[in-house]
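Each of the next two complexes has subunit A plus one more chain, namely subunit B in the first and subunit C in the second.
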Partner chain A sequence: MLRYVLRRVAYVVPIALGVSIVCFALVHLVPGEIVDAIVPADAPPEVVEQMTKDYGFDQPLPVQYGLWLWRAVQGDLGESLVSGRPVAAEISKAFGNTFVLALAAALLGFSLGLLMGGIAGYLQGSLWDRLVTGLAVTGVSLPHYWLGIVLVIIFSAQLNWLPAVGAGPAGSDQWQLDWAHLRHMILPAVTLAAIPLGIIARTVRAVVAEILNQEYVETLRAKGLGEGRILVHVIKNAAPTVLAVMGLQFGYLLGGSILVETVFSWPGTGFLMNTAILQRDLPLLQGTILVLALFFVSLNFAVDILQTLLDPRIRRG
Partner chain B sequence: MTFGQRSRAWIGALAMVVGASLPSAATGETVLRIGMTAADIPLTTGQADQGSEGLRFMGYTVYESLIQWDLSSAENASILIPALAESWEVDPEDNQRWIFKIREGAKFHDGSEFTAEDAIWNFEKILNPDSPQYDPKQAAQGRGRVPTIESYAALDPYTLEIRTTIPEAFLPYQIAWIVNSSPRRWEELGGDWDAFASNPSGTGPWMLDVFVPRERAELVRNPDYWDESRVPQTDRVVLLPLPEANSRVAALRSGQVDWIEAPPPDAVPSLEAAGFQIVTNVYPHNWQWHFSRVDGSPWNDVNVRKAANLALDRDSLYVLLGGLMQQAEGMVPTSSPWFGEPEFDVRYDPEEAKRLLAESGYGPDNPVQVNALISASGSGQMQPVPMNEFIQQSLGEVGIEVELIVVEWNTLLSIWRAGAKDAASQGGHSVNVSYFSQDPFTALVRHLDSTLVNPNGTNWGWYQDDSMDAMFTKARQTFDADEQNAVVAEIHERFVDEALFLFVAHDANPRALAPKVKNFVQAQNWYQDLTPVVIEE
Partner chain C sequence: MNDLAPTAERLQEAREFAGLKPEGYWQGVFKRLRRDPITVGAALVVLLIALAAVFAPWLPLADPYDGRIVQRLKPIGTEGMPLGGDELGRDMLSRLIYGGRLSLFMGIAPVVAAFLIGTTLGVLAGYLGGRTNMAIMRTVDVFYAFPSILLAIAISGALGAGLTNTLISLTVVFIPPLTRIAESVTTSVRGLDFVDAARASGASHLAVIRTHVLGNVVGPIFIYATSLVSVSMILAAGLSFIGLGVKPPEPEWGLMLNTLRTAIYVDPVLAALPGVMIFVVSICFNLMSDGLRSAMDVKL
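This part shows the complex of A and B:
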């Protein structure tokens, strides 16, 4: 097991390095000067030159990359070009907001998905099964930003029941678990939950249906086991697949959704990245992409390890 | 606890929760909440970023310049009026030397008085990289606005001398860009601009009270503001960055904000139907095609330029945009003191357009072929794709075939700065970048001054004409404001008579306000005054 873990860690290092090169290089491919983000469109060339010098963008790219990477491994992602605030602090604050939202969406999507998928799988071919399958396909297929806009139109613009934007009445700085803040979270959480709900319901339904059709379940029934005990076997066998899907879905949620967070002006990582793109704030964009990419790399790693623990057959080689 | 006591406890708790979620109306404070188009709170240290919107909400609210725009009239074009300087004049003996009389008694929010030394400290903040207070972020915004300042000196606490590198009659317009931060507050905070950002001090009618980066800024009334007629009528202004247009509309309709900038045109009818106020006014914004004048450009022929201007059915474009534009008849709106009395009437006359083209040898078998570099979106660009497709169709009808080259907005800006001769412009004949045209330099000079070709400026089309340069020089050396306006109007007449651009539209600058927002006067300006606004609950 330890060898397997070490081997997986060894894979992670070159991937992380590759990610860092790609996200550093990508943002340098955009047209125009980097300081365009902060100088007015009609700034004279000497101003652009002075700013390029002030911010150190006049150095050769490999030198800039080396300096950036050296600082990044020490946890310093530089400062936002536009706001001047440390990128790491910006990301950590935004991540906190995304985490709260992801948790709410996961609780909602996972619990409903598990429940609906489980029942549909157990009652294959029934009306309930068809209903759940229909809902799951809808949940997966609906563009979630569209769903968000529709929810806003109904519940914010028309009914005036829930707020349309923001994380709380006074911003996210004083976030607390009270109704004033929770009501800001309802619409984005429901919107974000739609996709994981659909995916998990569909996965659980498929896995449960498949397991129930297997011969050992027949055998268990033949041996006279009660449905409750059979369900325990089903759950145990379905867990690795469902867990893997849930892990990835939670990862996607934690990564923040650019579209949903933008629709709701939710100050999370997706919104931050959108802002960085709109403002061409390259240090912020590089930092955000790097952190999110590394986060996904680690998440995949964690899910791999977890799956292996649950199902030793996966331990390859 | 009885059932009744339990219910009362619950109701009490609920009331506290609901109370916490309500705006501070319960405290008797009047609050104006604004949804901005910016993606972030503009720089709070003084020289605001985020374009004109940044200066509108964070620049000229908390801070002031020596000279400011008069924003009190919706009917008349804005003019420059005294602010921290009570008066200014050029030395009659030496037209590169200006004297500014500083207003006595104007105080920063920290209580210290503004003097000529403070004006100098603020020039150094953006112009002198060796000064301790030099701030690259503010320099990026302000430095390019005052290109002809050579030196400055305080002759006494209330007299400031500024010397320019050339005779520069446009200096007052340049000075209006530069706002003043408090040296005392900066020193108190250990000379740290990041600390200053959360705890700033200017001399403006508003003071920053709450600053949550990327989420909100709250301004409160400055009760000690020097101009009693402009002490804010609302207690608090909340600024929220809402870059997504539909989110702004939703926030307004759900009552989370009272005012949104730039509602999307297709939302305007439903907002009006729901009782919201849609406020518009013409302002110095110019949506046009800038022509390339390099060899081989079809726009070198005045007949083709005039034909394009006559081919465009601006009234139909007005309908297409739901009325959120003014038909352009020149570079500046007709209400501008610089419009003058051009002879060429910019109108819809396709027959005359065809005649002009025929005169130059073009016809149905030999159409003019031009292309235009455009963007799919961008600040001030209104709705570039449908508008340009409309132009393409209109021009096509008289025999000018247009190929549209769509590029990303920042790429278009890079192309614009690179000039028509640069490979980046891909041999483009026209570029569609909307222009700020609030002063003679930005409205006219920068586009056609022969010295301002790449890399010196934004004469994209490489227009070169000695007599035009002479007119620009004359305007820059005419120090009397009325006489200067007359010279600038003469220049503008030439812009129109020679059809030097394809004049299309001026934006209507729409904003949507809740019914309870009263007394707002939308000036013909990129900046607006929030001080007279009243909230009637």
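This part shows the complex of A and C:
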């Protein structure tokens, strides 16, 4: 097992470095001199020169990357061009909000998806099965930002039941566990849950259906095992695959919530990126993308290890 | 729509598919497709929207750029404006039909580009193996490590708004999954006996790749690519929605969804219309892709 973990680490570390190179390169994709993207447009030439020196833009690219990475490892992701505050502080404030929202959406989407997909897998070919399959296709085809708008139209604009924007009353930008804040979370969480719900339901249905068609299930039935005990076997065999898909989906919820956060003005990392894009705040954009991508990589790594613990066949394979 | 990853299951399916392909295979596929009412229906809807978009300038439609302030947010069914007017008083029906041009283009073009590049890279990696494989596949893995939408936003955000930049960023997003499938199928085909036999009987590498490898690889990748069109459309419209894609005043569904957001309290149905178009086309592409998969997947 330890050897397997080490092998995975040896695979993940280069990927993480590659991710950091891509994030570093992002700023260099910007047309024109890089320093122009970092200093205000009306800065005097001396300041521009000073900034070029300070940031090391006069150095060769590999040196620049090394300096940037060294600072990033120490938690220094530069300063926001607009607010002047450290990027790392901005991200840590926003990340909590995104995480809570993703968690709520995951709980909702995963539990419903497991339930619906599981039943559909048991009742292959039934009306319920076709219904779930149809719902799954709908889930993956929905532009989720549009679903958010539709929910706002129905539940905020028309019925006036739930708030449409923000994380809490009076522009609160820090999430708390109380009813006022929970109310703000319902619509964005439901919106975000639509995609994982569809994908989990589809996966669980396929996996359960496949397991039930295996010969060993027939053997279990033949030797007189009750349906409850057979269900235990099904869950044990389905767990690794379903877990892997859930891990990926949770990562997508964190990294892909930018559009939904924009619709609901949810003060998370997605909203932060949106602001950064509108104001051309490149250090903020770069830092947020780096943090989210590295989180995604670590999450996949964790799921990978967990999956191997659950399914010894992978280790041997 | 975030389900970009070709699952282990999907990769296995692609490899199995590559192994066996009986005579008259494509006739069989078309016959099965024609008998599948859902696929035929979905294809007809897409065809209708695409034809309307392509021939929009010749249809009796109002100018999609011509706004009149008196027609601002006119409700659906107004005289002369069957679907009402948008926030600048432009004809909604005309803008929705014209919008199909850019939206469909941005759904299909990046997938086609990524299909060509990804297949080339994957076949090269799979056929040559060794260090070339390492270099290509590890680079692909790095881009794969980003959630698709995050990568699209990262590249578009750095390059700035605009049609070309959106096309570039979406193409980059779709290359990794297509390369992975192409590599996986090529590697398994290369190990089969008939490839060795072809090489032994004097076929050049190019001939082997063209007839044996490509012939087997293109099918599975094509199925997968069709399912990416809906992802591409949703992502492209999403980029426009946050101001990173097409710029105003172009009619494009994602951008229209954004600019009409101010109208959700005045005319909610109107504000939701562009999203209906994205949703309908995207679900049709997904249904077509599902139909194609089951029609092409011959389990002997």
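In the analysis below, the second predicted complex is superposed on the first by the 276 of 317 C-alpha atoms of A that agree within 3 Å, B and C clash if a C-alpha of one lies under 4 Å from a C-alpha of the other, contacts with A are read in each partner's own complex, and residues count from 1 in each chain.
Quick note on the criterion: a contact is a pair of C-beta atoms (placed from the backbone, for glycine too) under 8 Å apart; a residue touches a chain by one contact, two chains touch by 3 or more.
Just so it is clear, the structure is predicted and the values come from calculations on it, not from any experiment.
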item	value
Subunit B versus subunit C as contact partner of A:Gly226, first or second or both or neither	neither
Contacts of A:Ala157 with subunit B and subunit C, given as first, second, both or neither	both
Partner chain in contact with A:Pro143 - subunit B first, subunit C second, else both or neither	second
Touched partner set for A:Val30, first subunit B, second subunit C, both or neither	both
Partner chain(s) touched by A:Gly84 [first = subunit B, second = subunit C, both, neither]	first
Touching partner for A:Ala43 - first (subunit B), second (subunit C), both, neither	first
Which superposed partner A:Leu285 touches (first subunit B, second subunit C, both, neither)	second
Which superposed partner A:Thr275 touches (first subunit B, second subunit C, both, neither)	first
Which of subunit B and subunit C A:Thr262 touches, first, second, both or neither	both
Overlap of subunit C and subunit B interfaces on subunit A (superposed complexes)	30-31, 149, 152-153, 157, 262, 274, 278
Touching residues on subunit B, where the partner in the complex is subunit A	14, 17-18, 20-23, 35, 39-40, 43, 49, 51, 129, 136-137, 139-141, 143-144, 147, 193-194, 197, 210, 212-216, 240-244, 246-247, 249-251, 253-256, 408, 410-411, 413-414, 416-417, 433, 442, 446, 455-458
Footprint of subunit A on subunit C - complex, ascending	1-3, 5, 7-9, 138-139, 141-143, 145-150, 153-155, 157-160, 230, 234, 237-238, 241-244, 254, 257, 261, 264-265, 268, 271-272, 275, 278-279, 282-283, 285-287, 290
Contacting residues of subunit A [partner subunit C, same complex]	14-16, 18-19, 21-23, 26-27, 29-31, 137-138, 140-146, 149-150, 152-153, 157-158, 195, 199, 203, 206, 241, 245, 248-249, 251-252, 254-256, 258-259, 262, 273-274, 276-278, 282, 285, 289, 292-293, 296-297, 300
Interfacial residue positions of subunit A with respect to subunit B in the complex	30-33, 35-36, 38-45, 47, 50-51, 54-55, 82-85, 90, 149, 152-153, 156-157, 160, 162-167, 169-173, 178-180, 183, 262-265, 267, 272, 274-275, 278-280
